[in-house]
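Structure first, then comments.
Chain lettering (A, B, C, D and E) follows the sequence in which the chains are written, and residue indices restart at 1 in each chain.
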Amino acid sequence: MSAILLVAIPLLVAFLSILVKKYAPYLLIIVGLFNLVMLFLLQDGGVIIGGFDQPLGINLLLNLYSRIALILINALIVVIACLNIKDYGKYGSILLLAMAGLNGLVLTVDLFNFFVFLEISGIAAYLITSSNKKPTNTFHYLALGAVGSSLFLFGVIILYAMYGTLNYGAMIEAIAANNNYAEVVLPFTLMFIGLGVEAKLLPFNSWVKGALGHSNTMSGPMIASVYAAALSFVLGRMIDNLFLFQGTLLTIVTVLLTVGILLGDFMAFSSTKTREILLFSSVAQASIVALLFVNGVVAWAVWLIIANALSKTVMFLVINKATKEVGCDETKSLQGLFTKNILVGLAFTLATLSVMGLPLLVGFMIKLNFLTALAGAGQIWLIVAILIASLVEGIYFVRLLVKLWYKGENEISVKYNLSFKVVFVVIALALLAFGSYTAPMNQIDNSVDAVTEVVNNG
Amino acid sequence: MASIEYLILILVGASFLAYLFTKLNTYLGSVFTILATMFVFASLAGYGFGMGLDTTVNYLPWFTFNQTYLGFYFVIIIAFVYLMVSFFHPYYLGQYKYKDSYNMLFLLSLAGIIGAFYTDNFLQLFFFFELIIWTTMFLIPQGKSREAAVSYFGFSVAGSVAMLIGIFLIFSSTGQLDITSGLAAISGTNAIIVFILFLIAGFAKLGAFPLHIWLPIAHGNAPHPFSPVLSGALVKLGAFIGILALVRIVPTANLLVDSINLPLGQWLVAILGSISIVFGTLMAIKEDDAKKLLAYSSMSHGGYILVAFSLMNSVAFAGGFYHILAHAIASAAAFMAIAAVARATGTTKMKELGGMIHKMPITYLAYLVAIISMAGIPPMGGFISKWLIFMAVINKGMIFVAIAIFFGSVGSFLYVFRPLAALFLGQEFREYKHVKEAPIMMLIPTFILMGLNVYTGVFPSFILNFINNILGELGYAALNVTSSSIINVFDGQGILNPALISLVFAVGVFIAFIIFILLKKSRSVSLMDTYTAANFVHDEHLLHYSVDFYAPLERLYEKHTNWMTKFYESLAKKVKEIGNLGKYLFMSKNIGTTMLWIITIIILLLWGVAL
Amino acid sequence: MIQYAAIILFVFGLYGLFTNRNVIKMIVSLNVMEVGLNIFIISIGFTYDGIAPILSSTTANGLLYVDPLPQALVLTAIVIGVGTTALGLAIAKSIHKTYNTFDLDEMGDKE
Amino acid sequence: MIINVLVGIGIAFFAFVLQTSVAGLNRKIVGRLQKRIGPRWYQEFIDIFKLLSKRSVSHGWIFDFGVIMALGGIIGTAMFMPITSNIVAFQDYDNFFIFVYLLAVGMLGMAMSASGSGNPWASIGVMRALTTMLAYEVPFLIVVLTIINLSGTSSMTGIQIFQQTAGNNWFILALPLGGIVGFIALMGMLGKKPFETYIAPAEIASGPMVEYGGKQLGMLFILHEISVWIEVTLFVHLFLGGATNIFEFLIKYFAVYTLANLISNVNGRFKIDQVVTFFYKWPLLMAVTQAVIAIYFGWVI
Amino acid sequence: MLSTKFTPATKLSKAEIDRKWWEIGDFFRRNSLWLLMYCTGCCAIELPPAMTSAYDMERLGMGPMATPRQADILLVSGYLSLKTLRRLIYTYEQMSEPRYVVALGSCPINGGIYHDSHAVINQLDQYIPVDVYVAGCMPNTEAVMNGFVDLMDQIKHKTANGWKKYHANFEWYKENQRNSLGEVDVHDEFHE
């Protein structure tokens, strides 16, 4: 009954489900629910596979941080699976593979094992994007993903060469022992770039436009919220424990991320396709999350990831469903989408307001608190950049909302079936509820993910 | 014992109830909104004047409230304008697309306003400030144009972003999030930066010179019952923040402009205020849409408020506070009159309207009283506030600001008269023969506002005494006002007895009336029978002179009237270009570019570390 | 010394990805890069006169073994490389089916 | 209080009588200037009473209410005006801005009823009147700012007493440029020839007064006379040191009005935008230089 | 001169009071006659000399006024074509009472030199009541001034009541106007 089941069972069922193609989505939902139940039963603690000593043995760590991440990922996958049973049934096994990869990614504290799970979830991601019927974009994503993960492997191996261990805890102690940051810069950069490709950070995410630009109701939410959330969690864990940026590396990374935030929002401001607006805004959000981790504001970064994941799911589902029925996703052609379906419109508006960070919604509390934390750390210039970006973001989201609420010249009618509506209402209510009642948000603090003790077979 | 927190919770609850009621039937929902606003206003007025509202908080998690005279002064004015406007809802909401959300957002923004003025914590102020912005933003697109909401939201959020940066600058330098102590604690260059940031927020919300583009767009195109709220009430938020900056932080105390012993910051704000007065007046004279014209007048009155609060003496502050009240009432009344005309005729364009006085005389009287106060003419409230500001500027001897102020006050007479002549007077157009006077429910607020305009003009002592409390709270000497409302300024330099002026004016009118009555009764003739050098004109449109009313004046400055609009359009274009550049650089189709970026970063880093 | 060769091979792979626009050639260059990487991993564990790290009953202790861990890692890395290449080829086939050319430039962006 | 009001009404009546007779005299002087006999000195009275006795035309209630409000406003202003430094209806309530703004009430009443008369020429006349007001008001108020700043009080009697005290002399000497600007602004206020754009009989058929006849026109003539009196007395009190006794006031009053009238009779008429550009070029420049010199450098002759 | 000490002031009836007022009014009306500057024909050239220094109309209290509302005298100076007559009648009706008409020259009397022209009316009296005729094909200025003085005397002796005649037999005048002009109040003249 250990944490390994979270990875093993989805993997096993993934391969079994290939045999019984028809029942794949149902299997997926069952496994997802099983994982969720397991998560509530398991206690925290590490797991060693194969009983070997630390450089050889692969060990997984389940603590509050990874528990939150896993609940979010599995829940979202189950929700997306339920919504897409009808038209993307045959992707059930791929989603199972993705679930296994992502669970493993979040759980493992062994660097090489991290690389393996990164590749598994990568492959699952390439297969998911292939559902967009745009092979060139998928190939683009595959090539970049492969390069990214091999760079990551390169970094890991250099670290292994220097410190002889692959385990998180041991590595952290070894680095701390001979604290000469200069020699560690190259591997950390390579690993940061490797992860940056997957986590959609600015210079490395040219695949995002292709992958999400033509996404559908299954691939959009999967890539934009599930993968983004998982990789943000993992990137956060690595930045917060392993990298601990200093000196020139810190300045370069901060510059990269700030440029990422500003440019992400400017790109969204300049695009007229609705999906492009959403994907560039999620690029900007990802850079903000990374920036928060770099500055040590871990607690609010976690809440930001969750809030963004939920809002982006709603937004992508709404827009992708509408684009499928209308055919083109230009804001002009989608005009007046909400005139007919008020409920979906309300949910979309609340999600957008939460992403913009306006009061009465959870986005505002998170934004206010992480800005106060940044101000406490004296980072005024970062606050200025984030706020300018949020101003530009506010303007293009309002421009989008105003177009969607009021009908243009041609009449469009998009029907959302009941299951979509239920999901939207639940998420919207959650955003609204936590917006005003913020007590539970203060429970976790910045040291939520301290990977310190070395998990040995002892 | 009404408590602030209950008021806010009641309002939020009432907004959801209003949503449901309006879904059932518009009239019911709007009446409910009127009752809700009336209840809130009554409890505020009842307990607020004596600072009697209790500030205990037991539901809202991290909110703390405290009462100040300054905050209460703003809340009572804005709540009053909200109440007056809510009377209009039953008649206007019928033709809006999302009428149920209209009532809901209307009450939500009122809750935000009550919260914003009763807090002493910066973050809470920002919370309510943003709440007001996005609730009012969703109301604007229900009017004529959609882009109005985007530009309104853009400028308001720009203002609130500047304020937030200022707040965090205070927090990071002094660790205080409390308004009074935070503003007192900062000093040196931080104080200057925070001063500038707060002023940007004030200017954005007030629609003063550099950030005024959204004012005509938003007020002109907002739904008819909402533009009085926009210009009467929401503009005062900017004034509140401007006061925070101008009165509480005096950043450049040492850099005095020696000839008129005023800190440099204050002097620059006075100059910007006067530019917005002149610009607002010139643009208002040229404007053809009545609501846009009144929007520009709000801009110029915003300029007056800024000048008043940048003169650093109690007479100017008293003038500024009084002007906030007088302008709020006058512009709300004027906008409501225009809304009544727009409801009856469907347009606010001056070239399509004329002769409304024949069918809507009471609306005409309401508009007349409003513009007398806006132009600052004696029997009405506007005169007293303008007089106080004039005396302060004269006492300080600021010549260039004085030019702008005098130009503004005479210019305001020009542009407020224009809708009066074009909309109301003149021949009665054929197409508006069927028009009826506004219904009784809509006339109640007009009568109340007319009475209030006259009251503030004739007996200002009660209001000026309350303003003295505010001045005391801000640490300035009180204004010398006797019980019979005789105002003595700069110990004798200027003495004003508004009651006497109104009495003498009444006596004069009585004498003129006697002369008029004694003489022979004159033969009443239709408006078509006018002296047209004996040409036979039968189409009343030809006889109605309302298009380009001040043509010779407009010709003098028509070439350079849109500096700022071009500036903001190019700014938006620049951001788009940067976005496209980003897409070109980072989002290109072939993989080579991304690889290039990866390689450069690695090389850059190694070169950086290795050195 | 072998590590420099591995890094050069890795850079060749990257250069390959850089320049050519043919899908198949890009997959080949991907493989070249991964081979370079694998050689680099193997070279990490090398000690001069170490023997192959096979544990059997007959081996006497006191012998110098090559570090077994990188070799284990390489195995998985190779398997993953194969996986990605297989997927890449499958996508290349579907690209060929839709645009019946392999060259990315000739495809144009048929939306 | 009643006595003050009665004194005020007396002053207003005195104003009407004085100005009408002075205007009559001026018509005679102008006649003599043009080598003709010119009308009787009380011709203005006869004109006004003839108008009051005629039965005229009314274009609706706003047409009449505007005239009543205008005349009421002007009578109210006149009641506040001090004749000499000791004859004033309401002791130390005669603030300068009351006159500027109660005149504006008169202007608003006339403008409202003129536009209410439905004649396009009346609206054009009103537009020209308001634009001219915008033109001459600003330089005049800048000079008044200097005067109030120097004399430390904004009440008319206070300014008179300041000029009559031993040390300082009349403001027309103390502030020469200010005096010139004041006189040009007075010409604008009176609507004398160079700036008579809004009565312009040839162009817009006597502007706002086109639809008036009979008693309305009579009341407007009374209004015109009293407002001329107010403006000339303002000039006398602000620049010529007011008056200690009634005769000094009469002499100064007659001198100023005749000078203005003579200048007016030799001048043509400006176009309306020439008026605005003229006032915002030289008078404003002179007013500002005078203000800067007087307030900042303190050079007061 | 009856002494007023003893005889009680007789209570004047309403009509007499009006009469008294009317007499005072006449004095003012007589001494301030305003001309409507409506120069229809060639006799108008006589007006400038009447106004300038030689004859100085102003000393009689007379002066030119821009609009009919303000004017007392409608000066018909010379021939009247049909088109001008329509304008004249419209302007006459716009004048405020009591109003007087002074016809200069012989054309309004009997058509003058244009007697047999198709476009000119011969007798102005048919269409609007005329108080004073000043004969002469271009009467010299003295005659014009004399005409005005006659008008003033008529006002003094209450015989200048042309405007009362116009009210009295309004129908008759209208009948004549319609016969000769067709339609007085012309519509669509400028294709409005």
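Definition applied: a contact is a pair of C-beta atoms (placed from the backbone, for glycine too) under 8 Å apart; a residue touches a chain by one contact, two chains touch by 3 or more.
Quick caveat: nothing in here was measured; it's all calculated off a predicted structure.
Q: Any chance you could name the chains that touch chain B and chain D both?
A: E
Q: Using the touch definition from the top, what's the fewest steps needed to get from chain C to chain E?
A: The fewest touching-chain steps linking chain C to chain E number 2.
Q: What shortest step count links chain B and chain E in the network of chain contacts?
A: The distance in steps between these two chains is 1.
Q: Let me check something: if the centre of a chain is the mean of its CA atoms, which chain is farthest from chain A?
A: It is E whose centre lies farthest from that of chain A.
Q: Measuring centre to centre, with centres taken as mean CA positions, what chain is farthest from chain B?
A: C
Q: Identify the chain whose mean C-alpha position lies nearest to the mean of all protein C-alpha atoms shown.
A: Going by the distance between chain centres and the overall C-alpha centre, it is B.
Q: Given the two chain pairs B-C and A-B, which is bridged by the higher number of C-beta pairs in contact?
A: A-B
Q: Report the inter-chain centroid distance for chain B and chain C in whole angstrom, where each centroid is the mean of the CA atoms.
A: 68
Q: Quick check: how many Å separate the C-alpha centres of chain A and chain B?
A: The answer is 44 Å.
Q: Please tell me the distance, in whole Å, between the geometric centres of chain D and chain E computed from their C-alpha atoms.
A: 35
Q: What whole-Å value do you get for the distance between chain A and chain C if each is reduced to the mean of its CA atoms?
A: 28
Q: Pull out every residue in chain A that's touching 2 or more other chains.
A: Where chain A meets two or more other chains at a single residue, that happens at 136, 143, 147.
Q: Can you list every residue of chain C that touches 2 or more other chains, as numbers and ranges?
A: Where chain C meets two or more other chains at a single residue, that happens at 14, 17, 26, 104, 109.
Q: Do you know which chain E residues sit against two or more other chains?
A: Residue numbers touching two or more other chains: 67, 69, 94.
Q: Could you run through all the chain pairs that touch each other?
A: Chains touch in the following pairs: A-B, A-C, B-C, B-D, B-E, D-E.
Q: Under the definition above, what is the set of chain C residues touching chain B in their complex?
A: 14, 17-19, 21, 26, 104, 109
Q: Report the residues of chain B in contact with chain D in the complex, numbered from low to high.
A: 259, 357-358, 364, 368, 372, 375-379, 383, 387, 390-391, 393-395, 397, 399-400, 402-403, 406-407, 410-411, 413-414, 417, 420-421, 425-427, 486, 492-497, 500-501, 503-513, 515-516, 519-528, 530-533, 543-546, 549-550, 552-553, 555-556
Q: Taking the touch rule as given, give the residues of chain D at its contact with chain E in the complex, in rising order.
A: Against chain E, chain D makes touches at 27, 31, 34-40, 43, 46-47, 49-50, 53-57, 201-202, 205-206, 209-214, 217.
Q: Name, in rising order, each residue of chain B that touches chain C in their complex.
A: Interface residues on the chain B side: 589-592, 595-596, 599.
Q: Across the complex, what residues on chain B touch chain A?
A: 60-62, 97-98, 112, 123, 126-128, 130-131, 133-134, 137, 141, 146-147, 149-150, 153-154, 157-158, 161, 164-165, 168-169, 171-172, 575-580, 582-583, 586-589, 591, 593-595, 597-598, 601-602, 604-606, 608-609
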